[in-house]
Structure formats: structure tokens, C-alpha cells
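Take a look at the following structure, please.
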Amino acid sequence: MKKFINDPFNLVDEMLDGFLAVHKKKIRKLEDVRSIARTDAPVAGKVGIVSGGGSGHKPAFIGFCGEGMLDAVAVGEIFTSPPPLACYEAVKAANGGKGVLILLGNYAGDVMNFQMSADLSAADGIEVEQVILTDDVASAPKGQENRRRGVSGAFLCWKVAGAKAAAGGSLAECKEVVERVNANTRTIGVALSPCTVPAKGSPTFVLADDEMEYGVGHHGEPGTERIKMMSLDDTVQKMMNEILVDLPFTKGDNVAVVINGLGSTPQIELYAAFRKVKSILDTEKINIENAYVGEFFTGLEMAGFSITLSKLDPEIKSLLDAPASTPCYTC
Amino acid sequence: MMSESISNKQMYHIVETICDTIEEQQQYLSDLDGELGDGDHGVNMAKCFREVRKKVEPVADKDCGTILKTVGMYVMNSVGGAMGALYGTMFLKLAAECTGKTEVTLDDLARMFTAAENGIRTIGKAQVGDKTLLDTVAPAVASLQKSAAEHKSLTEALAAFEMAAKNGMESTRDLIAKMGRASRLGERTIGHLDAGATSCYFILRSFAHGVEK
Amino acid sequence: MKKFINDPFNLVDEMLDGFLAVHKKKIRKLEDVRSIARTDAPVAGKVGIVSGGGSGHKPAFIGFCGEGMLDAVAVGEIFTSPPPLACYEAVKAANGGKGVLILLGNYAGDVMNFQMSADLSAADGIEVEQVILTDDVASAPKGQENRRRGVSGAFLCWKVAGAKAAAGGSLAECKEVVERVNANTRTIGVALSPCTVPAKGSPTFVLADDEMEYGVGHHGEPGTERIKMMSLDDTVQKMMNEILVDLPFTKGDNVAVVINGLGSTPQIELYAAFRKVKSILDTEKINIENAYVGEFFTGLEMAGFSITLSKLDPEIKSLLDAPASTPCYTC
Amino acid sequence: MMSESISNKQMYHIVETICDTIEEQQQYLSDLDGELGDGDHGVNMAKCFREVRKKVEPVADKDCGTILKTVGMYVMNSVGGAMGALYGTMFLKLAAECTGKTEVTLDDLARMFTAAENGIRTIGKAQVGDKTLLDTVAPAVASLQKSAAEHKSLTEALAAFEMAAKNGMESTRDLIAKMGRASRLGERTIGHLDAGATSCYFILRSFAHGVEK
């Protein structure tokens, strides 16, 4: 394992120290727990939007804490969900009196810890709702959507939730619009090489020089197939075939596309992938309204990328386009 | 011959035994998790119980409830992950049922573990047979309840408890994972022990072994 | 070589197709050459700011083309400077009648090709000035600063030049302020693993499992030393020792810091590195006014990072803080 | 026996010979560049001259100036890098001195290469001895000028030209690089041939070999 680290068990704290120092104008740390909030949280009279999860996915989650997106974020160890107290304090910090919406990925640890924080918050009289995000088509078959992992589609959900809350939406409205985005979003990922959790020291999987892990998760979870290397265009075609039929996306749909680097894939390859996605969608007469290419939800230094397609309606489109100002995303 | 209750001193030894065992078994637990999950279970557990050892030392002389609550608060509030929630719940529930006690009887122990099992079921939403640590906990707790009902000696009860936990752990080998990361692998999980069920066996076994010290 | 590509010789064009489609609101392609410009270029009555160079450094250079930064960018093959015609068209596209400032890295190909484009532009009656950027302390000893490579300090130069031009600065003023930034900026890089140019197919260098390339360039150029792996803190300390004495930076200075990922180093490590930089500067009583952590100037998928320190004066500080809106940097 | 001038048909053969030679030597050139630079010289050159072959075919029957200008325009405007600028300049300067000519004499050739050398010096700012392609060009051009002044036959002149280019290339082995990427390596560059000087030798040699066809 070659990494720029000191004691692996201090890495998340050291990262957070650096992150807080760089972005002190936008975010602050909460006391006693490893959670952050936008500097002006709670915003009175606004629904609070909270997320969180394991570290190692940067810019997710903390990079999207700020105006127009997340009010507070609970920070876990690498690939490990944050404890209930961190989630609970994040909810309290986000609570501006109009309720708090928690968005979380569908991972056992996140579900348990956020549920406990929701129970604690409810006992405090805070109105709390949760939406569990499930966009990864590779992680469970169609018909079992609620068993799927939440992956890079989360970026769209955070953006929409934050914008809806900023626009004065009620807790129920914010929840409804995120559920709508989640229901209309599909992602699939592929990897060429694994990542290594520093505290563990060995890679999450091993691939031969001519192999790809198809359907891989953001933590290096095994995919649905181990396939031979293919050209970029063939890889994208295979991924798109799977995504398009799953929702399905059809002629005339308006969509947002996210091409998300999983860690060490150069941007040059991500933009080349977008080119192929666009040419497929052009052929299918599916209209790209919003496009995002870069790193949004990584898995440490994994080489790979994911494609997310999300069917838009006018409200969702306008919420995506609403302003946001966070450490890692500004529009 | 063992006395018919567990003293607070013994409870502290139990916690020490847990810490020692997890440290020894770190690699084995990670290897098991590597087969079905993300391979970090040993590291997670070892890091957790290394810290537990430090946290619990200052309260070594306190009552059983304080000792177990100290473990539970740390695990619940600092560890994170499914393990933090599940084992945090387990230790906090154990603690809540022996608040203030410097001696814990078999009846107490049965009540404590019944509460712990319920807590784990509530938070984890797993069923017996889902290939999780519940497959270790449930038969062990049932055995404890039976021993208590039959007024067995503490020694006998703990031996049966350990054996039931071990069988429960072993039972996961033939099961298909229904919860957590491993559940994505479906049938491929057959033939492998569940990592959480195994670490849970080491923890429960430490109750038997720690008392002997 | 494991990469998401089709024909390696088409990679830059495919990337550019994708890039233009994603960022069409901010940038457009120039006709007949591989260069881009902000959509509203040339901006009448504003000095034009042009840069360019080889591809494979994304977000540099094209990611910083837009309001408040670069007006036009010439795009080369991977790690190969663009031809004179591409540079010349970029200059023409940026020329709003007040002259054009070209910022380029100190690489033989860039120097020759931009010089030819400057000659062609001058022959057209366009007033052109060039500043050759030279921030990499590892690439030539002190006293030979003008032989040094231009690396991630370029990000600060582009930002300042763009802001000065936007504020109505004359060509001479824009040139002077960039020269001031360049003269006060020092960078050093370190790598744990190489990158592979797709058309070549083999890594730029080979390191043992316990080695780092210290003083590495953005193309994987050999550094000044091959050293044993060290902790992050020791690595940063060594780098800072070299940077601090070179300018030198001293007590009471106000600085901007850039921690730049070279490709596959996770953000978590970059922020942890910033933490150590900050603690060293705190001890030295050097004041961090601006901090930038992320990827600004990569070398494909190289694992590594560079630290840039730039001494600020009030004008430079305010130009760094001025608004910019480009595909990959907005403030 | 060779005629005393190079026809446009021969000039086209020369260009074809350059393309063939670069293709053959691609790996060798990349290996040389790998020792002192970034290892892409062979790939860069091969890609360039594969395209040159296509670009020059449609003007195969045109005058020498048109043929060489077609090469030069492509290299200058499409290749990029130091090589694009330097070789682009070389071919454009060669072309400019034989505009409209279907026959090129030794005197013409000497004038063409003198212009090319000057162009390379102006744009590259290298000196002889800096371990660049100029170390190949300069002695070769000097030899051509001498042959022209001494009214040598074209055959003799081209043989001397090739030999001078070869010696020039070989001279780079003992030099310290002063320009380009390799210059950062200082003394470590001694003992290695310069990649650009070597590709330049292959190009100049093709003038001799191409005429023989």
C-alpha cells in the first residue's frame, strides 16, 4: 500500500482538520462529534437537509455541505457509517424549526445509525424524515429496487433536496421531490483497479491485466460480472444498455447525466465517456438537459467510473439549476 | 469452584478477555469478512476494543452496569458502521439490566442477554437464519434462558451458553446471507462463516472464559 | 495499460467533444483548429488572456477557460504542446482590441509554438505579450529560475491575469502582475506511481513499492531524488523546507497555498497534507490568506501531489478573490 | 548513374523513404527518448509521418516546392510539440527555396538546407553541442555547402551529406543535453544518443536513399 498518510486511524481527523481550515467560510465543525454544518446552520424557517456516511468518497459527502445543498453532514471512518451521535448532532444542527430530511445510502450501517439518530431526534421533538437512496442497478435485480445501493445518483438528490428546501419547501415536499428523483435515477459502475482502505492495507479486490469489474460498488464491492477489457465505447454501450431498460428511459425523455470518476480515472477519459453517452442518447432521442462530469462520489483511488441517468421533470430541472455554494460544487 | 454470581471484578475480566480475544483473532475476522464482505471486520473490531480497554480501565472497580455501559457508550458513539450500532446496542442493553449491581446472577444474566437480543433484533431487523451475528446470539440467549429456568449452576449455564453460541456461529456456514454487504452475493455466500457471527461468538465465549479467571 | 479509451490517437478529440457538449454555455470550439474560447470571446476593450499546452493535465488548461480567467486555450495532444496555428487562432479569438497576454509553461515545445503564434499575431497587428511560468523549484537550482518548469502555480497566474484583465487592466499591467505572481510562487511535487501516455502504453517511470519520486514533473519527468517512503508529515516537511528557503518565505508573509493532486491521490490525503502545511506555516508565523485543495494541474493518473506557495500582496489577494466562472473553477 | 538533379518524382520518393524509415525506427526512437526524455519520440514521429504519407500522395506529381510544403504545412500545423515546430520549420524552409521547381540541383539543395538550418536555429535557439537535432543538421548542411562550392557530383554530395549527418548524430552521445526535457538530467545524459538527432539523421539520410530509388 502506497499512500500519503500518517497513522491510518488518524487519517479522517487529519483530513477534516485540513478541510475545515480550507473551507472555514462555508462550513464549521460541530462540538464533540465528527460532524460538520454550514456556518449559518440552522437556517431558521428552512427544512434542514442532512446526509453522511463513511469517508473515502470525497468530494462526497462533506464537499457538498453549504448553501443550496446539505445543511449538515455526519462523517464516518473510511467506508464506515458514522455513529448515531454524530448523525443526531447533525440533525440538531440542521434543524431550523421546519423539520429535517435525512438522505442516506442503502448500507446496513448507515440505515441503523441514522435510524437511531432519527429516534433520538424525534424524542427531542424534531420532525425527521428519511429517504434511503437506491440508484445502483447492479446491486439488486429490477423489482427489488429497495435493496439497491445508493451511489453517485446521490449528488442529484442532495442538489434537488437542498434547492427545494432553500425555495421554502415543506418537509413533506422536500421528501417527495427526493423520492421522485431517486425513483427516476439509475447508475452503474465499472472498475479497472481496486482501492485500498488504509487501515486494512490490502486492495478490496484483485483483477487481471485484461479484466474489468462490471457493476462494482463505491467501496469496491464485487460487481455482477468480471469481464474482459473492452474499448471505452463498448464499455459505455454495455452500461447504457442496462441503465436504459431498467427505468426504462425512452424517446422524448429529458435527462440529467452524471459521469462520475471513482478515484483515479483521468478527466480526459470521463469526458470521452460522456461523448459516447451523448451519442447513444442522441440516437435514442433522449434529450440531455443537465450534464455533470468529474468526481462526485469516489471510492478512494479506485480506477473506474459510473454513469448516472436521471429522468427530469420541469421542477427537478429547475431545482438542479438553482444556485448552490459548497466547498466542492458551486453553480 | 465458581461462585453462583459474576462479580464486578469478574465482569471487568470478561471485558478484558473480549479485548484480548478480538486482538488475537483480528486477522482471522478480516479474512472471513474478506470472503463475503469488504474485509475490514477484524480491523474495525480490533481498533474498537483497543479503545474499549482504555475506556474501561478507570471504571474497573465500579459496578457491572457501569463497566458494561462504559463499553456500550464507547462502541455506540464512536465506532460507527453496523457493528457500532449492533454491539453498541448489545452492551448498552446488557448494562441497563444490571445498573448498580456488583454481583450478577444467572437470572440477571438471562434477563440482560434477552434485552440485548431484542435490541439487536430491533435495530438490525435481521431474522435468525439471515447469516448475521443474530445467528450466534439467539441460540446462546435461548440456552441461557433455559438454564435459568432450570436453575442450572452458573458454570453449567455458561458452558452451555458458549456451546450454543459456537453452534450458532457454525450454522452460518450453510446459510445464504440476507443482510449487509454479503447479501449481494446470494448463493455464493454458502460455505463461508459470517464474520459478525464469528466475532460475536468470541465475545459471548469471553463471558464464559472471563469468569473462570 | 488499463484505460477507458478507444483509439489512443482519438482520445483528445473525443474528450474535447464531450467537454464542449457539457460546457457549451461557457465555452465554444474555434473553427479548423483544436482550440477553445469562452462563448463571448473576444470581449471588446478587455485584454485577452490565452494559455494552452499538452492535454492530460485536466482540469488544466481548458477547465479554466471562462469569465474571469482564460479567454482562449490551445489544446495539444497528450503531453505535447499545441501547434502554432492552434495558438494563433486562440490569440485571435481572445483579441478584444486591447492586446493579448499569453501564459505558458516553460517547456521547449510550448515556448517554440507560442513564439511562432506570437510572431504570426504580431504580423496581423495584434499586440501580444508572453509570460513564461517557472514555479517548479525541483527543475533547476536557485539562481537559474528561468530554466524551471511551470507547474501548478499556473493556476494562480491564470486566475490573477484573468481578474486583472476583467478589471480593465492594460496589457502591460496584466503582464506585470503575472510576472509578480510567478516571481513569488514556488512549487514542488512528489509521486508514488507513474502515469502512462495512452499512445505509448508504458509507464513514464517505475518505482519500487517503498520508493517515492521526489521533485517529479507533471509529465512524470524524473525528480531530483528517489527516496524511501515516508509518513505524510515527513514528506510535507521535506517539501516545505525546500520551498520556504527558495523564495524565501518569511515570518509575517501572507501566502496562498495550493495542494494539487497529480491524478489518483484521494482528496482525503490532499486535505491531510494541507493540515500539515498549515501547521508548518503557523509555526513559521506565515499567514495563509487563500487555500486551494484539489486537482488543478494533473499528470494523467499519476499518484502524487504538489505543494505551491505564493507570496501575496493586497492587489494579488484581491485578484485571487475576484469572481470567476469557468467549467472547473467558480468563485 | 544518378542525374545531376533531383526530380519532383524523386522528391516524392524521398518523402516516402522518410515515412518508411520513421515507421521502421519507431520503437528505437521511443527507446532512445525513454532514456533521456519522456519516451514518446517514436510514437510522435510515426503518427506524424503516417499522416504525412496520406497528405502528400495527392500532390505526388506536383513540383518539389509543393511536395515539401505539403509536408511542412502538415507537420507545422497539426503535430505540435517541439518536433512539430522544428521539423515543420525545416520542411517549410526547404519548400520555400524550391517553389515551382520540378528539378533541384546541388546548389538548390545547399540553399534549401541552409535556410532550413537557419530556421531551426531561430525557432529552437539551440547551439551546436547542445545535444539536439541541430547537431545532426549543422554538419550535414556544412558538408552540402562545401560539396556545392567544390562542384561535387550530386551522388558524392549526398553520400557526404549522409555521412556528416551520421557523425553529427553520433556526436550527441558524448554531449550534455542543454535543451528540452533532457537538459534537466545534466551529466546523466552523457553516453546516450539524442532521440531528435537520431530521427533527424533518418530524415536526412532519406534524401540520399530516396534519390537512389
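For the reader, a short list of remarks on this structure follows.
Order of writing sets the labels: A, B, C and D. Residues in every chain begin at 1.
Everything below uses one rule, namely that contacts are C-beta pairs under 8 Å (C-beta built on N, C-alpha and C of every residue); 3 or more make two chains touch, one makes a residue touch a chain.
Which chain is which protein? Per UniProt: A, C = Dihydroxyacetone kinase; B, D = DhaL domain-containing protein.
Fair warning: this is a prediction, and the values are worked out from it, not measured in the lab.
Each chain gets one centre point, the mean of its Cα atoms, and the points for chain A (Dihydroxyacetone kinase) and chain D are 55 Å apart. Chain D has its Cα centroid 78 Å from the Cα centroid of chain B.
Centre-to-centre spacing of chain A (Dihydroxyacetone kinase) and chain B amounts to 33 Å, using the average Cα coordinate of each chain. With centres set at the average Cα position, the gap from chain A (Dihydroxyacetone kinase) to chain C (Dihydroxyacetone kinase) is 29 Å. Residue numbers of chain C (Dihydroxyacetone kinase) whose C-beta contacts span two or more other chains: none are found.
Arrangement of the chains shown, judged by which pairs touch: a linear chain-to-chain path with two open ends.
Applying the touch criterion to all chain pairs gives A-B, A-C, C-D. Partner chain C (Dihydroxyacetone kinase) is touched in their complex by these residues of chain D: 30, 38-40, 43-44, 47, 76-86, 88, 123-124, 179-181, 183-185.
On the chain C (Dihydroxyacetone kinase) side of its complex with chain D, the touching residues are 9, 54, 76-77, 79-86, 107-109, 112-113, 115-116, 139-140, 147, 197, 199-200, 202, 204, 217, 219-222. Residues of chain C (Dihydroxyacetone kinase) that touch chain A (Dihydroxyacetone kinase) in their complex: 2-6, 11-12, 14-19, 21-22, 55-56, 58-59, 63, 78, 192-193, 209, 229, 231-233, 235, 263-276, 278, 288, 291-295, 298, 300-301, 303, 305, 328, 330-331.
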